[in-house]
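Heads up, there are several structures right after this.
What follows is chain A paired twice: with chain B in the first complex and chain C in the second.
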Partner chain A sequence: MLITTLAIAGLLIAYIQYAPLYPRHAYLSGWVLFAAMLFLTFFNLRKRVPFLRVGSTGFWLQLHLYVGIFSGALFFVHIGWSWPAGIFHQLLALIYLVVFVTGVLGLWISRAFPRMLTVAGYETPFERIPYARSSLRQEAEALVLAGVDGQTSPVIAEFYHQKLGMFFMRPSNRWAHLRQSRAPQAAHVSQFDEVQRYAKKGEGEMLDKLRDLVTRKHMLDYQYALQSALRLWLFAHIPLSYSLLVFSVLHIILVHAFSGSAS
Partner chain B sequence: MKANQHSPVFPSKEYVRPNLVWECGHLCEGCPCRIGPSPAGKCRATYECAPRLEVKPGEVKGHWTCTRPRPGGGKCENGPLPDGTCCNAISKCQPRRSLRAIRKRVVAFTIITSFLILFVGMSRNMRDEFTNPGPISNVHASAAFVDIHTKLSGGDTSRCAACHEGAKQGADSWNAKAFDAFKHGLAPAELIRKGPIESSAMDANCLSCHDGKKFHQPNMAAEFACHECHKEHQNSGFMPEVNSSYCTSCHGSAGLMAASREKGVKTDPHAFPSFLSNADLKIQSRLRPEKGYTDVITAFDTDHPEFRQIRDGIRDENSLKFNHAVHLRTGKIPRVLNCSDCHERDGRGEYQRPITYEKNCVECHTLQFDPATAADKDKPGIYLPHGDPDYVRAFLRSLNIQYEEYGRRHEGITQRNELNNYVREKKVGIEKLYETGENLERAVFFADMKGELPGGLRAPFAGCATCHEVAEPKSDNGTPVIKKGKTPDRWMVLGKFNHDLHQKGLTCLDCHKVTTSELTSDLNLPSIKSCVECHSPKGGIDNRCILCHTYHNSQPRPATSSTRKSEN
Partner chain C sequence: MAKSDNNLASITRQAARPKRWDDPLDPAMSDATLDMLMATEPFASMNAAAFPAATPLREILRADTAVREYAAGEIVLRKDDYGTSAFLVLDGEVDVVLRPDIDPQLLGRAPSVKKSLLGRLAQLWNNNPEPEGWSKRSPRAGDNIKGSINKDRGSVYLQDYPQIISNAQTVALKKGQLFGEISALSRMPRTATVVASTKQTRLLEFSWEGLRDIMRYDPALKAQIDRTYRSNSLKNFLRHHPLFSHLDESGYVRLCEEAQLENFGEYNWSGSYLRLAKDGDPTTSANEPLIVREGEYSNGIYMISAGFCRVSQKYGSGERTLNYIGAGGVFGHEEIANHWKNPQQEPHSLYTLRSLGYSHLIFIPTASLEKYANREMSESDFPSSPVPESMLKPAESRLSEGASAPSASLMEFMAEHRFFNGTKSMVIDMDRCTRCDDCVRACASTHDGNPRFLRHGPMIDNLMIANACMHCVDPVCMIGCPTGAIHRTSFGGEVVINPATCIGCGTCAANCPYDSIRMVEVRSNQGEFLVDEEFQPILKATKCDLCVEQKSGPACLNACPHDALSRTDLTHVTSIAQWLKRK
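Up next is the complex of A and B:
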């Protein structure tokens, strides 16, 4: 990171000091930026091409991050710190910014979320979450069905049917979990406390078990929400990276063909 | 969240393959089938097992055995149906794409969409607007400009083609054009080359309207592109003002300045555009500096050389005698003068109008050789003419006629006798003062401010020598020679200046230290240091090159005998 910071500082100083002396600096910064974008876009080739497997994945990921951050400074130097005006160039700049911002967001997510997931507990591999959810639902349904004997009050069964049935069926409260909000849990606790008042003595234990299952489902949903985010930011970052390359190629052709240097 | 919950337990032998394109539709319910969808995304679920027919020795028909594997629950209790079909049919599902497969499709969709956007944007009707990097200045966007270029380009309606060569041949040639630029003007080695962008084919299009390009100095290392300084596609109003960095890209480069210096030595001096070509401007001619104007300058406030007039100690060669200090000193002259009493600003507020005797000097320096015929409220008085010594001499030698004319016009004398008496009376008065006509003439020409003449004589009149250099006549009966005064209109002709703008907050004396100047040869110009006090980042006032300098000089005039003597 220190090297990246120094590189950005060096770039900015060089721009302020030497840009007037080098009028083609925009072409130079453009080519370097394009090379950086190629590197950033195809960095995962390392995983696919056997002879490229030099260095660890972590090393290449770090390199991806640092080159990406450096490319941000290079982008602003390239556009001369002013937002372009034409349709095509605005689109190009916008795509770059979205890719850059999603990249920064992804960096933050990939650094912060794993720690949050570990701290939260009940860690579950993303692909196993449906299975875990199904298990919880089956346990909850079995618990509730065990209490339906025709003699006991239907309060718990009704409660499950109205408030918890859909909750156990699918992932819930995704945005609340991403915001680190505990409001959904608090709502369930409140509902449980209310039902507790109407439950008979023997049903208390069942309610406690159900409460435990709801807590675990919340934790599972928390895992699902954060792990989804860890995957979904790539849905903007990766496709737009390719789009950026397509636009960049046309940009390069345009600026060269329309420069005064073409005969 | 509490961290007191252990992770859930999973069947360890069940594989999860998130890298597959399809996943079982029952996955979201937590119970995917073991076989999973086909690679084409078809559900392959049938039964939980394929029962096997076991025929024991002695049996004819044999019996069907469940083959459900242990991870799937092992052998079922009911076993296969009599016809050999598994009793546990798996419900069909609608397989779903895996997250990774969806992402691949989103990538493909985005790439296709990008190409579509570009395809539509680059269509003939939208191409110009789509690829235009910014609004064109109002002059280059005008209908008149389009008309001119439509004619010049032979009917090409693409407005880009008016300037850009690349646009003249359609989009299919852009690749070749770009490659051409990459090989030549924008080759990798060129990108790190110092100095401005050199002139190209695009400049020829500029020149089709803006006639003439050799408008800077002929010792430039190369012809530079118009767009090096004039940035188009910035806004729809005026083109942005030229940034000083474009000037210093040459003038700040020691290499380029050395090359220019070398080229300047070999260049015919008459090829340099001279300020003498401005016929309306009177200036004091001087030789072009030996090195030309090739000092390395990176900023006005740091290394701009001192003004040449001060650096080279140039003196005003005007033959007129003028003492600023006396004219501005209280008690030395009849009334206290201000700068603006003599120096009147021109219509644009930039420079001073020329000083003339009739307008600025006559009030105090009257050419009144006869105190007895002075002006009063009704009569103008009789004065010598100003301007030509021969006229003065002729006036003096025709005093009879002059007095007679004055008497007739201004004294109202019409009778011949009275006129003769009037003239005689005046001439007696003159003779009392000057004794002879010869003395009168000498006094008029040679008397200085104190009325002293060469040879110790005195006169009651401040003659021509008060302000002018007067020499003895070249022949016996000749007129004394008065050297014509040449007051330059301007000293700093390579820069422009607006006095009006500087008057806000400054007085003339803040820059021009004239209260101590006693000689005409004093230029009284301020040093660059006094300019830098304000025109610097510290002073907070704009210090761009274009505030004073103009890149485009007028075309050099054909060399004439007068211009050969001097260069700027």
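Up next is the complex of A and C:
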């Protein structure tokens, strides 16, 4: 990280000192930026060949991060600290910024979310979450159906139908979980307290079991929300990285094709 | 009273009580065969009256032996296999192959070949598109190796056996001779390959329980086996120990005569462990045989020859685990050494020692120690304490002070799940793991598109021990493989399965206490499930092989971008603590 900071500082000093003297400095910064982008894209290829002895993926990720941060400074030097003109160049700059920002966001998510997931408990592999959800729903439905025997009050069945049916059916409260909000759990607690008032005495045990299932579903939803985020940011970062490369190649061709008239 | 009887009847159901004889080695053992055995040596000379009424010799033979017939060239035992049986030659002869060893591939082992650079790169496009595709080879073992399969037992016999052993040094065992008993009783790997050398060789196979019971009531057999053990295995074991390395040959002989051999726990402990784990309480004190209790007068030292023991100390109303020690570990010498330095100080045991699963121990009485142990040896040569100094510090300060010792809860977790058996356990730091499954994909990419582990398993705090083969010190999975398909590699010692000779019996998967072996239904390249003539799916056992074919080592380890995954040797408590301290 120290090397990256020094490299960025050196770049900025060089830009301030020498940019006025060399009007075509954008060619140099552009080619270096393109090389950096190629290198950054190479990280994804490295991950596909874990059987080659070319350094650990952890080491490559560190390089990816440092070169990525450096490329941010280089990008601003390249565009001369002003938003480019023309739709093509604006689109190119926008794609770069989205790739950069999703990268930084991904870095934060990758550092912060694993610990949150571990602390929250109920660790479930992402692919098994639908199965775990379905099991919870079946358990909850069996519990409620067992109570619908004509002798118990219809309060719990109604409560399940109105408040919990959809909750058990699908992932819920994704944004609340991402914000670390406890509001959905708190809402269910107060709903359960309310139902408790109208339930018969013997139904307390069933309500406790249902309450436990709801708590587990919240934990499962939490796992789903955070594990989804840990995967989804890559769906923006990686495809856009390839788009960026394609646009960059077009940009290079255009610049060199018209460089004669430009100079 | 009648009412309570009715209540009892409503909540109970009568069932036959399980008995010692319920699961005989050979359910088809006939009375005629038993008559023949009772008239054969060494059973004919045994004093049947010495056996208790509950376990008569005839019933032991009925339950714990089986007469097996072998063709010439059929492999009876393979070198380095683990097994629970001993054999007695009834008719014919067997050859013990001493040196050179028979080509491992002929014995059903996988060839030890590393992939070339091109071969590794080809994994990018050459992997089978179907899961568990099986088109490159025949699923029949006999079609893949230079041998054949015995249909009844699934064992391998060597074609052209005389040619194979023409240059080998062998020892012929004839009628009445016993073999395989030491490794069966001491849980050591077989030391040599044994092959039937005559047509219709008849052997009597003993389960280790049967052998143990006969030894208990027949002093002659016990003396014979004891003699063999003491003159071979025990002498070698003690010879390499610094306490006795100064002795001459006669000293070793006398020491071996005075040493006592003790076994604790259930031999095939994985079965009982899995049952107890299912009930949710695998490691209560009652399930762990007591060897030495803290505070007892110390009569000698225990040297662990095989298996694992837990060292604990009283804490509150329970026992706190301080360490677990495996083969080569010594317990009780500290107390004796202190007594030597200060004769006023009585040697009372500082800790409690319990057997975790099965353990085979050598007990050296204090009197023998005083005669044979090297009392002048330097501090550095003295056996290390069964409890590292760092483990004696208060649990809270162990890691914070930079000591290389894990927390008390981690120790209990490791003992509860028996993870101390693993030399290459997959430990994941869940505070770093982004659940990206790059490790799983990497594993699949090096195993024809099929991952060989589950990124899931028991957790404590931020640590997960994933369901991946741990390449155990005591590989219980290797007990009972009929074709020797599961074996250790000769170079790195990794436990691997040769898919060509695996017959899909599932013995290894059932034995593995860690659920790390999966039986898979193999398919053709077109995705059709391969089935036999009875439309039963053809199975193969699969597990992590630590990427033995890859020069780069385990792909999972190389693939983790967040340094969250490690293949850790959990046989030493300090290794996991050191890995945790890396941050």
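The working rule: the second predicted complex is superposed on the first by the 252 of 263 C-alpha atoms of A that agree within 3 Å, B and C clash if a C-alpha of one lies under 4 Å from a C-alpha of the other, contacts with A are read in each partner's own complex, and residues count from 1 in each chain.
Throughout what follows, contacts are C-beta pairs under 8 Å (C-beta built on N, C-alpha and C of every residue); 3 or more make two chains touch, one makes a residue touch a chain.
Given the structure is predicted, the values throughout are model-derived calculations rather than measurements.
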Fit or clash - chain C, chain B, common chain A: fit
Touched partner set for A:W108, first chain B, second chain C, both or neither: neither
Of chain B and chain C, the chain that contacts the larger number of chain A residues: B
Contacts of A:Y198 with chain B and chain C, given as first, second, both or neither: neither
First, second, both or neither for A:F51, with chain B first and chain C second: second
Touching partner for A:E123 - first (chain B), second (chain C), both, neither: both
Touched partner set for A:H89, first chain B, second chain C, both or neither: first
Partner chain(s) touched by A:W60 [first = chain B, second = chain C, both, neither]: second
Touching partner for A:R231 - first (chain B), second (chain C), both, neither: both
Lowest C-alpha to C-alpha distance for chain C against chain B (Å): 6
Chain C-contacting residues of chain A that also contact chain B: 118, 123, 125-126, 128, 231
Residue ranges of chain C in contact with chain A within the complex: 115, 120-121, 123-124, 430-438, 442, 445-446, 454-456, 459, 461-462, 464, 547, 550-552, 555-564
Footprint of chain B on chain A - complex, ascending: 19-25, 27-28, 31, 84-89, 91, 118-128, 130-135, 137, 170, 215-216, 218-220, 222, 231, 234-235, 238-240, 242-243, 246-247, 250, 252-254, 256-263
Residues of chain B touching chain A in the complex: 1-8, 10, 16, 18, 27-31, 99, 102-103, 106-107, 109-111, 113-115, 117-118, 121-122, 129-135, 160, 164-167, 173-175, 177-182, 184-186, 188, 190-197, 199-203, 225, 227-228, 233-235, 243, 245-246, 248-249, 252-253
Residues of chain A defined as touching chain C within the complex: 47-53, 56-58, 60-61, 109-110, 113-115, 117-118, 123, 125-126, 128, 227, 230-231
